[in-house]
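Here subunit A shows up in two complexes: once beside subunit B, once beside subunit C.
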Partner chain A sequence: MARLIKTEKEVEGRYSEQWVVVEEDALEQWPEGPLRTVGRPATRVDGLARARGEARYTQDIQLPGMLHAAVLRSPHARARVKQIDLTPASELAGVRGAVGPGELDVLTDEPNYEGEAVAAVVADTADHARAALEEISIEWEVLEPLLDVDQALARESFLSDPKLYERGDIERGFAEADVVVEAEYRTQSVLHNALETHQTICEWEGETVNVYTSTQWLWGVRDEVAAAFDLPKDKVRVICRFMGGGFGAKGSAGDYTMIAAELARRTGRPVHCRLDRREENVNSGNRNPTIQKLRLGARSDGILTALSADYVCLLGWDGWLPPTAGPVQMLYACDNVRTVEYGVRLNSPPMDAFRAPGFVEGTFGLECALDELAAKLDLDPLELRRRNHADHDPLDERPFSGKQLMECYRRAEPHWERRHEVHARADGPWKHGVGIATQLWYGGGGPPSYAWVRLAGDGTATVLTAMQDIGTGTRTAMAQIAAEELGLPVERVTVELGDTAHGPYAVVSGGSSTTPSMGPAVRAAAGDVARQIREIAAQRFDVEERVLSLAEGKVINADGGSWLLEEITGLLEDGQILGKGARGPNPAGMRVMTYGIQVAEVAVDVETGEVVVERIYAVHDIGRVINPLGAESQIEGGIIQAIGHSLSEQRLLDPRSGKVLTRTLDAYKLPTIADVPEIVSELVDVPDAHLTNLGSKGLGEPPIVPTAAAIANAIRDATGADVRSLPITREEMLGALHEADERRRVPERVGAAPA
Partner chain B sequence: MELLRPDSAEAAAAALGNGSVALAGGTELVPLLRDGIVRAEKLVELRDVVPRGVDGTRIGAGTTLAELEVDPDIPQALREACSLAASPQLRSMSTLGGNLLQATRCWYWRLNFPCYLHGGDTCHAKAGQHREHAIFGNERCASAHPSDPAAALLALGARLRTTSREFSLVDLYRLPTDEERNVTALEPGEVILELDVPRPEASVYLKAMERRKWSFAIVGVAAARFADSIRLGLAGVAPIPWALSSVADLEQATPLLGTAYKVQIARALVRRAVEAVSAPAGA
Partner chain C sequence: MVVELTINGNAYELEAPVGRTLAEVLRLDLGLTGTKIACGEGHCGACTVQLDGVPVLSCITLVHTVGDREVTTIEGLREHPLVEAFVEADATQCGFCTPGQIVTASALLAANASPSDDEIRHAMAGNLCRCGTYPKIERAIHTVAGDGGGS
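Showing the complex of A and B:
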């Protein structure tokens, strides 16, 4: 019988309570270690289709009679539309319609950041639509934008109330400290720049709207569009079978979806609304900049006595306060902690989630400060981290569910030991160093998430679930899980996903939650099918059900005999065996997190400020690993993105107009393959015994979290310079080297705060 | 837009002006057209009429950077400047002549701010974001010239032959003035045909970038030694390619607050470049 219980659900550190129906006969976890399919490297099931260009992304879809929309976006960071006339645009040849402020919620006549949508036109071609934008007659009253952070703080321009967290007695903590370090860290705004830009095609069929969109959450888009157009939820069908990346910025419907839906409704034709690369770099979300003031106190043996942190997060006009203080609150055991987070509202484009939002920024400050503390204590940085290991969740004393961080430290040790030989590589102006940084992040996933499995007469299985694969390889992981449970080779399993009309409800692909949410549901559905096969086989061959198991495409009797799966399923001819599965609850009273440590090796040219990352070793604990090959590729992707974030990427705003200056890929500098170091990755791969029928957590975000701090700490190791601001440009690097020189020259005048 | 394909360089030159713009590799022109910075009714295709290839010291202006970066017969500085420019895809399209005439990467100019270079009266970069900008010649406009090959050719003392005259590369460039904002001195209807590049005893090009490939120079330094004299050409430091006679000239730099770091990089690269081309002791 099903039982109704309440469980805790978390996405990127935001917790909520969730009713969930629990099956009584939940599956036991598989034994630890590689199984027949799960835990073994699998190439992507859709790899060939993607490589051959057969995979159809939203960008590739051409519907009969499809029109193209273009959006008039505010060229000003703050302005008022005094007068607007769409007629000259509407009257152009090839133009089929136009929509302006007041006609659609996402269009405004009082934009508060550059790029905010004001109007849109739809035409036979994208070129016609863009040309028509030029013809819209518009008169602006340009207003003074709020862009300066000091001014914003003085005016208390906040998106939400400042968030205070305290435990213990911070003053007493610092009084007990033998050593105190204090420093300010800054992180920049970076842009997602997914290969596929944000875009949607909408097509109405009677009262139903089909939404083809590049999204991280089909069901979230469904709900938003249904609300905006006052439709029953299931009158909105959302489709995304292949996706060219999101990195957090495609979690909601976006103005382009609403514009496409409205213009499709008005014209009675399918409408494609697609951001170009320039719009993508202005108006599709960003990682918000931070200013972090940290103060750490420790006893002479390295035990932390106090952690204090103030975070100013420059969110832009809209968004939410990401959990920037999370690492300071949760990474280390420390009795006395105080954090304050300010979410500053400015006339700049709104932030959006970006791969481990908050924790990437917060880990940079904390892990750099920790190394500065280690230097002052004259203590090995890895040993300092071990001594402050949190054995239970410092927030509320809950036990951690599956924590292998000490094992990560043990495995990192030989890579950290390489620093002696790395230092010896110094040559002329090139100095070499090694740095470490620890990572924690969420990634446990949660309900509700469902999957169905159907087994056909020919012994092939299809997994049906309306989840999305945002490019991370979840399609392959789900095929492996179903194959494992059914005792089938992975080639005999097809995964159908990406369509709300074809399969049950699934989780957002964000917060590293896809595999830990969907995997257990897929396994449960496959388990339901497996149980039915055993029941059928037991009746057909007159054996006891408990002696039967599934492997290698066969039903195996404990006495050694076996039957091909087709012998059982074939009985039903075109009949199918149907299974359903749901994600169970999270372990009650426990904190589910992911952990890891990275070791960076860098070379610095101290005369020109050039920084070269030569090697990154990464070891992470995400519970059971489903596909080691896919996992390795996630780690590499995260580290490469982190290298851009550490060294070269920065969205620049003009300080007076608030306009984005870096909107093309020559100005906004993503790393190239030449910037990618040797990456050596490892996973602990011990199932989290408390977490679901899989024991798996997500890996989308953990690898990007510690890299920047590891690089900065390696730079300190190489040069003695403290880089405290991202990105570590030549300017930043040379400035930090200069400061370090000054400090050496006048040691009593400059330096960290007195203890 | 109309594409004209003249059958001689003279015919191409005659077709220019009045809304007709020259098209060679297109790697610079096409983005400028798309962004509305250059407006053209007709494009005049130069591909078939401008010389291409290397003949002794003469290099056709239509030669691509990809061809030059692998040519063993041209001076090392030019070869290196070509190979460190842009990406392989861009280098296989872009021509040497077009590269010399490319516009600044200044983001204000590229976004069509009404800046000094666009005919306005202020340089937006000076009071704004300018970490990629100039340390020399920046009194009115702080833009930085992006061409790596131009810096190398400046150090090499290259001369140009156009459809109407021959002159030194130095004279191709001028700082913008209140009267004339264009930084190149090509006459209307004049097309660069060929360069004459003297052979130095030694030459080198060093480039500091924000990432390891496909990035315009923060500072690019070319050095070329002819007998006992070493000539230097710099990219990314002034609104035009900038000549220096020695490292001491860097004392004359007038960096902005955010470009002071470039002086330090230039100092290191100039010292290294000079060292690299200097005759070994006793030779």
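Showing the complex of A and C:
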């Protein structure tokens, strides 16, 4: 029976309550450990298509008669258009239309950051369109941008109200502390730089618009386009079968989609609007910089008595306040906590979610400060973390739905113990060290999410759901889940996704929510089919349904006999067995999180400031693992992005003009294959007993969370220097070494700041 | 201006204006979209093809400079053992960089049948992968080289 319930929904740490209708979830969780297909390494079902260059990404789609749009973006961080005339551009040969401020919501004549869209032209080729932009006659009044964070704070230029959180009595907490650590940490802005840039092709068919777009969320784009063009939602069809990376920045429709839709409507032809790499680096979102002031108090036995943190998040002109205080609030048991988060609005390009937004930044500050505390307490950093383990959610005393963090700590122990031999590697100016950091993040997913499964007469199954595979391997994971439930080899399952017209509603591929949201729905749909197969077989062969099970492509009778699945489905010839499944609710009154710890080994050249990451060990708890091979890739990918975040990546803004200086992949330093250390990873792989019929959580984000802090802590272990600002460039490193030298010369009193 | 090309063993003759890049001809004129464009300015390697076996960036190669050199794209390497090896090693996540990676790696293996880790890193450093498949790429190349993995 369908049940109407109110459930808590979480995406990237943002909670909301919503009504959902859930079907009774009749399926028990599978037993722990690798099964026939689930829990065993599977190569990607779409791997060949991608590797052979057959997979068609949005960028590869060429529709007959397709035109190309180019966008005039503000060259100024803050300005007003005094006069604009599109005519000279529209009159050029090959140009088919133009649109300016006042004609479309995403176009403005008062841009508030560099790159904000002002006008667009559409032409026969992308070159024609770009050339035509040059001909638009425009007169600017350039205004003074607000770029200085102190000034912004003084003027209270906030995107939303500052967020205050308090529990216990922070003053009493510090009074009870034997040791206090106080420090400021800074993190930089980094750019997503997915290799496929943001882009959309729109094509109208009567009252329907087909939107081919590189997106992490088909349904979100559908809703935005429907609202913008005042269409019934299902008159917008959104398609993305192969997607070239998102990392958080492709969660919404974007100006390029609206521009393509409008120009396609006007010209009656398909229109492609594609950001080039330079636009991508200015205008497609970024991880916002933070300034963090932390104060930690602990008793001499290491028990935390007070945590206080002020976060200034430089969001840019738009966006939202990510949960930067999350780790301080939730990672450790501490009675007295106070956090304030300011979301500062500046005339710089808007932030967007970037793989574990907020927690990456917040974990860097907290986990570095914790090691500084451990040093003062002369306590083993791993032991300090164990002593402050949160047995239940410190926010509201809720039980955690499943938490294997202590097991992660136990498995990390031998890697942490390597530090003695690592120290011994010191050679000339090269010092070696080991550091750890703990990971906490969401990743439980939630309803609504649906899937259908159809089983054909030849005994092959197709999973239909309008979700996306953004490169995380969800197609493969869904195929494994359906195969497991149907007792089929994975080769006999096809997953059709990426089209809102071909399958039911699915969750955003963000917030590590895809597998935990979609997996249970797919399993339920396959379970629905499996039940029908047993019912049909029972009637056909005159046996009791409860003695039948599905395995190895057969229906197996408890007495040992079996029939090939095709013997049953074949009866129907072209008839199909159809199943549907919905994601059930999250466990009421429980907090669902993911956990882990990473151990970094680094080498630092104390003369030049060069830092080399030599090894990362990672262990995470994400409940049941569906595909260990894909999971390992996710972990490696997250860690490699984190190494870029830690050491080389940084969006540079000109402090006076607010223009982005790092616009190319030459100027913006992504990690290359030569920057990759040895990465050793494992997953605890114990299903979360309370979470859905699967017990699985998401893994997209956890691996990127603790790496930067682990690296900084390893640097302290190697050199005694406190690096508190990302990225750890040579300059930053040499500065920290210099400070450490100074400190050694003027020894501090042990016990430091008075409590 | 007419240009004659040999691509993956097939001869083509087509009209291309001066300034047209090889990548544009491959992708837009011939529909060979396995070659990807990620930066269009020579910084990422996604558009890598081979000219007489040498990896070049097709986004900054003008089609009229190709001459009689043989063009090999991912479409011409679909049966190369690296393709299977990339899938087996899980060296493709979003896959957008993958064709370029395979084109570069196949040129490496043709020149050096069993490259060391350092040689692989040197040869592949111009092919960016934002998803971070690098460890798996190394593994895939080693498998094909038949040396069973790196040092």
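Here are some notes:
In this section, the second predicted complex is superposed on the first by the 746 of 755 C-alpha atoms of A that agree within 3 Å, B and C clash if a C-alpha of one lies under 4 Å from a C-alpha of the other, contacts with A are read in each partner's own complex, and residues count from 1 in each chain.
To be clear about the criterion, a residue touches a chain if its C-beta (ideal position, glycine included) is under 8 Å from a C-beta of that chain, and two chains touch if they have at least 3 such contacts.
Because the structure is predicted, anything quoted here is derived from the model rather than measured.
When both complexes are overlaid on subunit A, subunit B and subunit C end up sitting side by side without clashing. When the two complexes are overlaid on their common chain A, residue A:Asn193 makes contact with subunit C while staying clear of subunit B. Contacts of A:Asp666 after superposition on the shared chain: both subunit B and subunit C are touched. Using the contact criterion defined above for the overlaid structures, shared-chain residue A:Gly319 touches neither subunit B nor subunit C, since it reaches no partner.
Contacts of A:Ala674 after superposition on the shared chain: both subunit B and subunit C are touched.
Judged by the touch definition given at the top, the superposed model places A:Pro327 against neither subunit B nor subunit C.
Between subunit B and subunit C, more residues of subunit A are touched by C. Once the two complexes are laid over each other on the shared chain, residue contacts for A:Gly402 go to neither subunit B nor subunit C.
Of the two partner chains, subunit C is the only one touched by A:Glu54; subunit B is not. By the touch criterion stated above, A:Gly244 is placed in contact with subunit C alone, subunit B being left untouched.
When the two structures are aligned on the shared chain, A:Pro655 is found in touch with subunit B, with no touch to subunit C. Think of it this way: put the two complexes on top of each other by chain A, and the tightest Cα contact between subunit B and subunit C is 5 Å. Shared contact residues of subunit A, touching subunit B in one structure and subunit C in the other: 664, 666, 671-672, 674.
Across the complex, subunit A meets subunit C through its residues 43-44, 46-57, 59-60, 62, 192-197, 242-245, 247, 276-277, 470-473, 629-630, 632-634, 636-641, 664-666, 670-674, 676, 679.
By the touch criterion given at the top, residues 27-28, 31, 33-41, 43-44, 46, 73-75, 78, 83-84, 86-88, 90-99, 102, 120-122, 124-138 of subunit C touch subunit A in their complex.
Note for the complex: subunit B touches subunit A at residues 31, 105, 107-108, 110-111, 124, 127-129, 131, 208, 210-216, 218, 258, 261, 264-265, 268-269. Looking at the complex, you find that subunit A touches subunit B at residues 429, 607-610, 612, 647-648, 652-656, 659, 661-664, 666-667, 669, 671-672, 674-675, 729-731, 734-735.
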